[in-house]
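Right after this note come the structures.
Shared between the two complexes below is chain A, which pairs with chain B and chain C, respectively.
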Partner chain A sequence: MDVPVWRGHRAGQHMDIRLTAEDGYQAERSYSIASAPENDRVELVVERLDDGEVSPYLTDELRVGDGLELRGPVGGWFAWDAEEGGPLLLVAGGSGIAPLMAMVRHREAAGSDTPVRLLYSSRSYPEIIFRGELETLAAGDGTLEVVHTLTRSRPEGWSGYDRRIDAEMLREVAYQPEERPLAFVCGPTPLVETVATALVELGHDPARVKTERFGPTGG
Partner chain B sequence: MGRGFISRGFRGRRREPEGTSERVPPGQYLVDGFPVLSAGPTPRTPLSDWSFTIEGEVDGPQKWSWEEFQALPSERLTRDIHCVTKWSKLDTTWEGVSVDTLLEGVETAAGYVLAYSDGGYTTNLPLEEVTGGKAWIAHTYEGEPLAPEHGGPARLLVPHLYFWKSAKWVRGLRLMNGDEPGFWESLGYHNFGDPWREQRYWGD
Partner chain C sequence: MDEHRLDGNATAGILEEVFAFEITTARAACVQCGATGEVGAQMAYVTEIGTVLRCSSCDSPLIRIVRQDENPRRYWLDLKGVDYLQFQ
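And now, the complex of A and B:
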């Protein structure tokens, strides 16, 4: 989206979209920004929900050239600036990748060498959002590691994780608590609860674990 | 956002059920489930370590253990709740101790309270928004002990304001002469948070 008078955002923030029907009826939802603050345009990730009200409009009806009412950026907690350093542990489920992708892109655009590990849970290989871009970024950068897990179906020959994220997986993938990573966890509530609880049990400082729920109910 | 803007091709699907629209504040939509929102890991304080404290601008702090808190008179109430992330939920049923009960016999000239929680969360409110039958320390939701992800063992319940004011895992109220922004109030969210005036963010 081109956003005139965009005053910039921090990686991880979201924005509100408000739709107005001709009779004045309005619906509002929040969407995370996936683009880097350095980017001129603003990119949101919208997961289409069949019984949704705003997401089917955005994915099916909205066309290039249409206007949208936006409000934001919003949220100053689930956000990361390259100067804050890391290491950065990013854990995403599904469309929860959006704010974390903004962080990965911001880190790249800012020329930061903060080590990053991204653990990303998707239902299937084709449903991995930003798969190609993540591959490219990781291939050219020894300090960015991307680990996928596929929970429903795997392509033939898949050698990666094949289950929902659990404590064992985090033990293998997350940094050691002594490395004091800054963790950002974004996804559906069960994933966020599991991951945040497991990180604390593994010995990570709860104050360095930031969470954002992402899903049909507006998180 | 601007006035008079129409979203081309948008008709809206989720019109609220008959008879409920006057209960849904502007910009909100109804949900059946109970979404969970929090900024960090869910704290899990054993009940043996739990206490509730009234402190700050009071003659002497008051403190209750979990047993003592449970022995206080509890009220049952049904209220609509409204989250700043746009969902509202009608007719939620809670049981808890009225803040009026906790403040009985407390002498204070304070005008504000800061509720504080396990995990470091805080939220600020004018004292008059949590007294006079407007706020509770809730321990039961729909007849069951309040689940940890929803703020159990106990959360502040201030249903007339956006739900971030209803601090989960609450452990005490600090009475203060002056106002002091809490966690979300310092991070761009409105200081007061009235859903009927759509006070979501700074500047609303």
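And now, the complex of A and C:
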């Protein structure tokens, strides 16, 4: 989208979108920005929830040229700037990839060589958001590692992880606690809580583990 | 699981309407237990009625905010769970 008087954002921040019905009823939801700060346009990732109040409108009804009531960018706590360094441990579930994708893209656009490991849980291969772009970025960059896990169905010959993210997987994929990675975890609440708890149990500094829960309902 | 339970970072939008600075990176001290931590790292309960920020250590309310969307828009801001806010 084009946002008038855009003041720029930091990778990881979100926008609040508010819809107002004809009778005045209002619903507001937060959506993470997936585009890099270096990009002119703002890209959000919206997952359609059948019983949602906002996402069905955004995915089914909204047309090019329509206006939206926005607030943001907000949420500087869950944000990363290339100057902060790393290494960066990114853990995503489903559309929780959005703010982490902004960080990956920002790192690329800023020419940063901060090592990044992205552990990304999706239900199935076709449901991996940004699959092609992540492949391309990782192929040309030895310091960006992308590890997928597919929880519901796998393509034939899949040799990657095939279960929900657990402590064992994090022990294999995450940096050692001594490397003091900066961790950003985003996804549904159960995934975020499992990952945050496991990272701390593995010895990571809780102050360096930042979480963004969707909640089970989302929008 | 409480469906309204999110990270404090989720309160950034509503709190930015009343605080003129980036509040989620400010540190808040809890009146009840004395723990300090960044606002974004506390627990948030975001509902249609209002938003409550709770201490991630002892679960006491730190900040409660209610917005009434009539014209003029009004806010109720309850900060009595916060001993102090520290920000840059």
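Quick notes
Assume the second predicted complex is superposed on the first by the 214 of 219 C-alpha atoms of A that agree within 3 Å, B and C clash if a C-alpha of one lies under 4 Å from a C-alpha of the other, contacts with A are read in each partner's own complex, and residues count from 1 in each chain.
We adopt the following convention: a residue touches a chain if its C-beta (ideal position, glycine included) is under 8 Å from a C-beta of that chain, and two chains touch if they have at least 3 such contacts.
Keep in mind the model is a prediction, meaning the values are calculated, not measured.
Following the overlay on chain A, a clash is recorded for the pair chain B and chain C. Residue contacts after overlaying the shared chain place A:202 against neither chain B nor chain C.
In the superposed model, A:189 makes contact with both chain B and chain C.
Contact with both chain B and chain C is seen for A:77 once the two complexes are overlaid on the shared chain. Of the two partner chains placed by the overlay, neither chain B nor chain C lies in contact with A:139. Contact with chain B, but none with chain C, is seen for A:22 once the two complexes are overlaid on the shared chain. Once both structures are placed on chain A, chain A residues 26, 28, 30, 71, 74-78, 189, 210-211, 213, 215, 217 are touched by chain B and, in the other complex, by chain C.
Of all residues in chain A, those touching chain B in their complex are 18-22, 25-30, 53, 56-57, 61-62, 66-71, 74-78, 189, 193, 196-197, 199-200, 206-207, 209-211, 213, 215, 217-219.
Against chain A, in their complex, chain C makes its touches with residues 1, 3-10, 12-13, 16-17, 22, 24-25, 38-41, 69.
Of all residues in chain A, only 14, 16, 26, 28, 30, 71-72, 74-78, 189-190, 210-217 touch chain C in the complex they form.
Of all residues in chain B, those touching chain A in their complex are 1-2, 5-15, 26-27, 29, 31, 33, 35-43, 83, 85-87, 119-120, 149, 183-184, 187-188, 201.
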